[in-house]
Amino acid sequence: MLIATLSLPEQVVLTLAALILLSSFLLLAQVRLDSLINIFALQGLLIFFATVLMAFIAGKYHLLISAALTLFLKVYFIPGQLRKLVIRLDIRREVEVIGNPMLIMLFAAALVLFSYYVALPIRELSLLSTRNTIAISLAVVLIGMLMVISRRKAVAQVVGFMSMENGLFFAAVVSTYGMPMVVELGIAFDVLVAAILFGVFFFHIRTEIGSLDTDRLNHLTEVEK
Amino acid sequence: MAWAGGLRQNFPVNDEMAILIAESAVLTALLSAILPLFFLNRPHLQSLVAFFLLGGSGLAAAWGGGMALLLQTTGQVVLPIGLPWLHVSLCLDPLAGFFLFIVGFITFTVACYGSGYIREYIGGQLSIGTLTLFTGLFACGMFLVLLAADAFSFMLAWELMSLASYFLVVFQHHQPENRHAAFIYLLMAVVGGAFLFLAYGVLAGFSDGFSFAAMKAADLSPTWATIAFTFAFLGFGLKAGIVPLHVWLPLAHPVAPSHISAMMSGVMLKVAVYGFIRFVYDLLGNIIWQWGVVVLLVGSASAVLGVLYALMQHDLKRLLAYHSVENIGIIYIGLGLSMIFHATHHLEIAALALIAALYHCLNHAIFKSLLFLGAGAILQQSRQHDMETMGGLIKKMPVTATCFLIGCISISGLPPFNGFVSEWLIFQAALQGPILKSGILGAMIPVAAAMLALTGALAAACFVKVYGIVFLGRPRSAEISEAQDPSFGMRLSQMILAVCCLGFGIFPTWVVRAINGIPESLMGTGLSSVTDNGWLWLTPVSPQTASYGAPAVFFGILVSWLIVFVFLHPLRRDNRIRLGPAWDCGFGPLNSRMQYTATAFAMPLRRIFSFIWLIVEKVEPAGPGEAPRYLLKIDDRVWLMFYVPIGKIMLKLAERASRIQGGNLRVYLSYSFFTLLFLLWVIV
Amino acid sequence: MNFVAATLVLPLAGVIILAFIGHRQSAKTVNLIISAATFVTALLLAIEVFRQGPILSVNKLFYIDGFNVYLILLNAFVGMTTAIFSGPYMEHEVAIGRVDDPRMRLYYSMYQGFLFTMLMALSTNNLGILWVSVEGATLATVLLVSLYRTHESIEAGWKYFIICGVGISQALFGTILVYFAAVKIIPGSEEGLLWTVLQQHAVRMDGGVMALAFVFLLVGYGTKVGLVPLHNWLPDAHSEGPTPMSAILSGLLLNIALYAVVRFKMLVDPALGDHLAGNLMMGFGMLSFSVAGLLLHRQYDVKRMFSYSSIEHMGLMTFAFGIGGPMATFGALLHMIVHSLTKSAIFITVGHATHLAGTQKMSEIRGLIRTQPFVGWGLLIGTCAIAGFPPFGVFTSEFLLFTATIKSYPWLAPPLVLGLSVAFAGLFRNLQPMVFGEPPAGQKPVVANMWPVFIHLALVLWLGISIPTVLAQWLNQATVMLVGKGVL
Amino acid sequence: MTGLFWAIAKTLIVVLAAPLMVGWVKWLKCRLQNRKGPPPWQPYRDLLRLSRKHVVLAETASPIFRMAPYIVFSVTILAVSTVPVITVQLPVAALADVIALVGFLALGRFFLSLAGMDVGTAFGGMGSSREVTISSLAEPALLMAFFTLAMNVSSTNLSTVISVLGQRDITLYPSLIFSSMGLVLVAIAETGRIPIDNPATHLELTMIHEAMILEYSGRHLALMEWAAMLKLTLYSLLIVNLIVPWGVALTLVTGDLVFAALIVTGKLLLWGALLAVSETIQAKMRLFRAPQFLGLAFILSLLGMMSHIILEVQ
């Protein structure tokens, strides 16, 4: 179907989806922690807009609550916490070397294609105008995972993890107008707790190994050195 | 069979009676395990109660088993335990009855022996409670294996037997080698159990349910039947200790307390044989002759290798353990013959061979237990298990020496004792080889017979060595010269067994007649002619073919001895016997170190068969002021050929597998990441 | 019905109360009392279910049937016995200064929190809540794993957190997909995640989506089950956390995750109509089983070793559920019980053993039977039980599993039994030196409460000798739900 | 009843004639070596002399040592009694077949070797060790040889064997040829003749049988020696009656018996002569070449059996 046939808000949603995907790529590429966090917040903001739009498109107003939650958690709270940490631990400018950035980018692109290929059966099924965005959200999830894998700094890994959450939430929104309310709340609660725990862990790791480089957490292994 | 019918009229019983007695035996064994735990702090009372109950259960088992065997009854009961849709069901038929009799009887003698034997542990660091608990469970497990009538309860009892005996082997766990032995034992028991799982699984797959009755009904394609047979052969063979699956046996049997060694070597192996017979003859049914050939060959190999390895041992109990391998080999030869004849529809001869094998089971149980108990008595008295430190015990412990001598003669298969009869029967069966149409079989059976003959001769040689070194000559160490005959119970049990050795050797016809019921129930044919000529003559095929008049032989030996004795009398002027020193070739007095040692005794055979073992022999030249030292190390090739490589491969694999746990979080995550991608790619 | 609420409210209250009590003498008593109360209510709940069959709460939020009622009972029970054990154990830890008061506060509070999340996961009818609770279980335990604040414990905690977090979010994506498939056919999207509702419409749900969803769910929850190659967090978390945690992690959490997978399998199978889910589970099960069996041979840390044995057994269960067929399923369901009972008993014993030896290194634990017979025998018998020796229950379940395997996939049976032997060798080669032999100097008995162990082992023994009718019926009911026909 | 009488009579005759057999061989050997040897009846004198002497017993000797001679001797007698000499109508034969016969001999050897080890001297142990080594190789060969015969006539009962073989018209059985060769070799080894053992020497490096009975004296020694002679006679009888079965009486008619007795005596003398010749022309071999000798015997017997299965059945 042609994008031209859609209403303007829907077109906006699709555009937002594209932007979200782009933000994931930016996250993947970004090496400076503070700007990493900013981009993450931006992604949260994009999702918030998308959710609000969906709420009005489909007239499902409970989505607004989830949107509010997103705004609070993904745009304000978590990035705020992370910034505080980064400042307190004084690792704002900490540039982290990631393996071959170009290669990872290409791999991420491949992931996008792959998730499109995977999402095809769903696409056939869906009646929603925004069905193609499922592929996008899956891509966001996978790229988030790739980010956790390719980053060594704990903070970056957390950001990757949270952007996975973003992808999931986005998927829920665009494919099914969000989950039942009780589940949404539960998930939000979990995310909140997780964020707090991450903060706790940063300090422990920092005090234990003097940095947030998780590759140095490698004492527990079966392979004798 | 008519005879049994006659018996039935004399003793009118209902079929259930035998199995009820057997059940009571199981329960008593269980009691003997548990009851002693209630007075842990009074070890004497503990052992008394335990062994009293154990003996009781043994007698009950022997009674029930003998009843089922003699009266040809088959009883069945179902216990309210087990799986919700499959309760544990027990069944006692003549075959089970026969083995139950063996197990029960030996358990009884062991019980007589045990209380005296374990006295040395009392006050030590080892708890009597452990010993009695697992002894009881061990006996209980063996009884249940024999009674089990469905695969589930069979496996349950089987593993229980293995586990309990493991705890008995590891009982004296302060010595590292005991722990090692126990570990190997349990490991191989587990592997064997796994094979049995598979074997029964195949049968269960083709039949509806686990009950033996259903499995009998199942009809398998020859291929599947052969697969099932292979698994069963390996599984039971592991427990029975056929070459090359025997390695646990010489490790485990010596380190257990001696009365337990007697039970393990004398009885537990028989339980394995029982399982094999039950599986092949009863559950599988239509036998394929190739199976028989395999069993025959493996049996021959076990017999010869077993005795050859035994010849090289100096640890008395380990030597006996290797002889168990040999005797199991002999039993398997008998079974193999029986299977071949069965498959070629010569049921008469098949019955003969089966009877021979069963008879040897009985005999081996008796004399091997006897020998182990004797060895235990020596061990208890002198704390010695190395033959090179023994000697001259016949003067110190006459009763043990006499019983042990009888055991030696029996196990060497010499007339007029029981070992000879069973081997004779096997020979008779083998000599019927030519009636087989197939030339290859006809050629193979004589070879087996030759192996059996060689085995017998070597066994005799080995026990000349054992008796000569241990009981004759001069004491080779101080500890030995302190030894005396053990307590009454220990003497009694040995004497009982010794008398049985003679009895079962002199009156074989009655035994054969009793066993005859088993082939009748298994393959529908018994030996008609075996006891035609009255109780005096054993004529397996026909009087013209072969006959053995055991009582007459015994009688003849006595008479001719008497005659010789009497006739020499007048030739004697005076019957004084002068004592003098042994001739020392004119050099100074002889001492015990001038005697032939066990090593020296076995040396010619070691040179002749040197290709069998892995021999490391070297002489350290004498340093200043010391004697030259002679070192000899003899290893089991099988161990190095099969087991060491397997262990290596497994550790290598483990090393490879351990790389998955490399310690790096991001690697871990990528596992899950790529797993996800892979699966998605697979299903879409 | 109110019993369900009770079983949930009690531990939830416990979280708060204990958080307030903090570390006082009373804390462990309170903890125990609450766990016991939970167990009692669970018992009443079970009786109710036994009386009137499956229960669906009015708001459809909770659903108790034959499948989860016995797991709830099991959870409450093991939670209680472990609470009995954890009292003196943690006292000792405090005494030797490994943990301080605030962490004890955290410990007790989170102990209840963990129980709460697991009971929630079991009793809920809403697959979304199921996900939330399983994730919640991770969050509740993650700080306990790193309770000792050593390098290793923090490393373990972090790995546990990240791996399970990432894994579980895949499960969420799967859940979303299921919901997506559901709302297409079920009016009233609010009900689209209720298991009871989904089960009725399972047949009509779209196969492609469900297959996709199942992959995500399997990888997601499978991470929690500890399936190779998603298992890497498991040995670390078990070996570094406090032993009571290891006991309930191994005994309960893994079961819950597997429970979730199986619940979804119930939906996926009818939707797909083929054996895809089963095959996937069999593959994972076989892999976990064999790898764990091999890895048992390279262990140096006692708790680590037993955690690998947990992986092995979870693999076995997954494999069994994968086979399908009444006998295998019945066996797997039974195995869930006997494994968690036995394994928690083992961990409890190991806890005492490590205390009296003062180390978790197996090379330094020797002659337990001499030093403290009950501990030594407990460990030995527990290991025999877990290794599948009769007359313990594990034997029964494994027997069923094997015979089922031979019936449906004969060629898989030999590797299975081979793997079992390998695993056994790995366990015993390490175990035997620990329990037998001469104890090293300075290894002296500790205050040990072995009752939980004996009770667990007695139960396992009972299940091995005969399975009580009630349980048999529940298992059978679950089997019927899973594969259509039962064994009874 | 007459049968039983004949059996006992036969046994007695053989027992009494045994020394003569040995004496005959000795005498002939000396003649062949151009020596004027002792008369054939010399062994009788030796036995008589020995049985008159005191028994000097080593202090370390045990009851086994004193029992052994009687057991060995009586068991050998029993063995002899089961072998048909001049007639196959032998009720005693039913009591033991060839396998039992071998069993008896083995039993005797068992005690003989034990006696050797009893006193605890190096000699005795050495003798027993060598004895059991040799016999554990010889015995299977012997059994194989017997089995071949047994399969040939489908009976292990000696009288049956001999009567069947005796009644057959002469046919060339490869199996019989092989097995009889094996039998001969075994007989030489078992009776301690050259080239395995040398009955006439007391050189410790070579002797086997003599080493075992070195500690014996008086009547014990006499019994042991006599048993040895009996054994030689027994094997000779087996050889002549199994390989050349003709002439053994099939009935209990006196005429036949006398005739048979003559024939058998002749065969025995001939065999003795052969033995003497062979012992004259060859020397004793080293102990560790004995296995090859016996291995040959074993192979021969096995070949005999094989060729029976392969060439002669159906």
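Labels A, B, C and D are assigned to the chains in the order they are written; within every chain, residues are numbered from 1.
Here, a residue touches a chain if its C-beta (ideal position, glycine included) is under 8 Å from a C-beta of that chain, and two chains touch if they have at least 3 such contacts.
Quick caveat: nothing in here was measured; it's all calculated off a predicted structure.
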| item | value |
| --- | --- |
| Chain separated most widely from chain D, comparing mean CA positions | A |
| Selected interface, B-D versus A-B, where C-beta contact pairs are more numerous | B-D |
| Whole-Å gap separating chain A and chain B, where each centre is the average of the chain's CA atoms | 70 |
| Where chain B and chain D are represented by their mean Cα positions, the distance between them in whole Å | 35 |
| Whole-Å gap between the CA centroids of chain B and chain C | 44 |
| Approximate Å spacing (C-alpha centroids) for the pair chain C, chain D | 78 |
| Chain A, residues touching no fewer than two other chains | 118, 121, 145, 148, 214, 217-220, 222 |
| Of all residues in chain D, the ones touching two or more other chains | none |
| Residue numbers of chain B (touch at least two other chains) | 658, 660-661, 665, 669, 680, 684 |
| Residue ranges of chain A touching chain C (in the complex, touch as defined) | 118, 121-122, 124-127, 138, 141, 145, 148, 154, 157, 161, 164-165, 168, 171-172, 175-177, 179-183, 186-187, 189-190, 193-194, 197-198, 200-201, 204-205, 208-209, 214, 217-220, 222 |
| Chain B residues touching chain A - in the complex, by the definition given at the top | 658-666, 669-670, 673, 677, 680-681, 684 |
| Of chain B, residues touching chain C in the complex | 80-85, 125, 127, 152, 155-157, 159-160, 162-163, 170, 173-174, 176, 179, 182-183, 186-187, 190-191, 194-195, 197-198, 200-202, 204-205, 210, 650-651, 653-655, 657-658, 660-661, 665, 668-669, 671-672, 675-676, 679-680, 683-684 |
| Chain D-facing residues of chain B, complex | 391-392, 394-395, 405, 409, 412-415, 420, 424, 427-428, 431, 433-434, 437, 439, 442-443, 446-447, 449-450, 453-454, 456-458, 460-461, 463-465, 467-469, 471-474, 537, 543-549, 552-553, 556-557, 560-561, 563-565, 568, 571-574, 576-584, 590, 592, 594-596, 600-605, 607-608 |
| Parts of chain C lying in touch with chain A, wherever the complex brings them together | 126, 128-129, 131-132, 135-136, 139, 142-143, 146, 149-152, 154-159, 161-162, 165-166, 169-170, 172-173, 176-177, 179-181, 183-184, 189-190, 192-193, 206, 208-209, 212, 235-236, 239-240, 295, 298-299 |
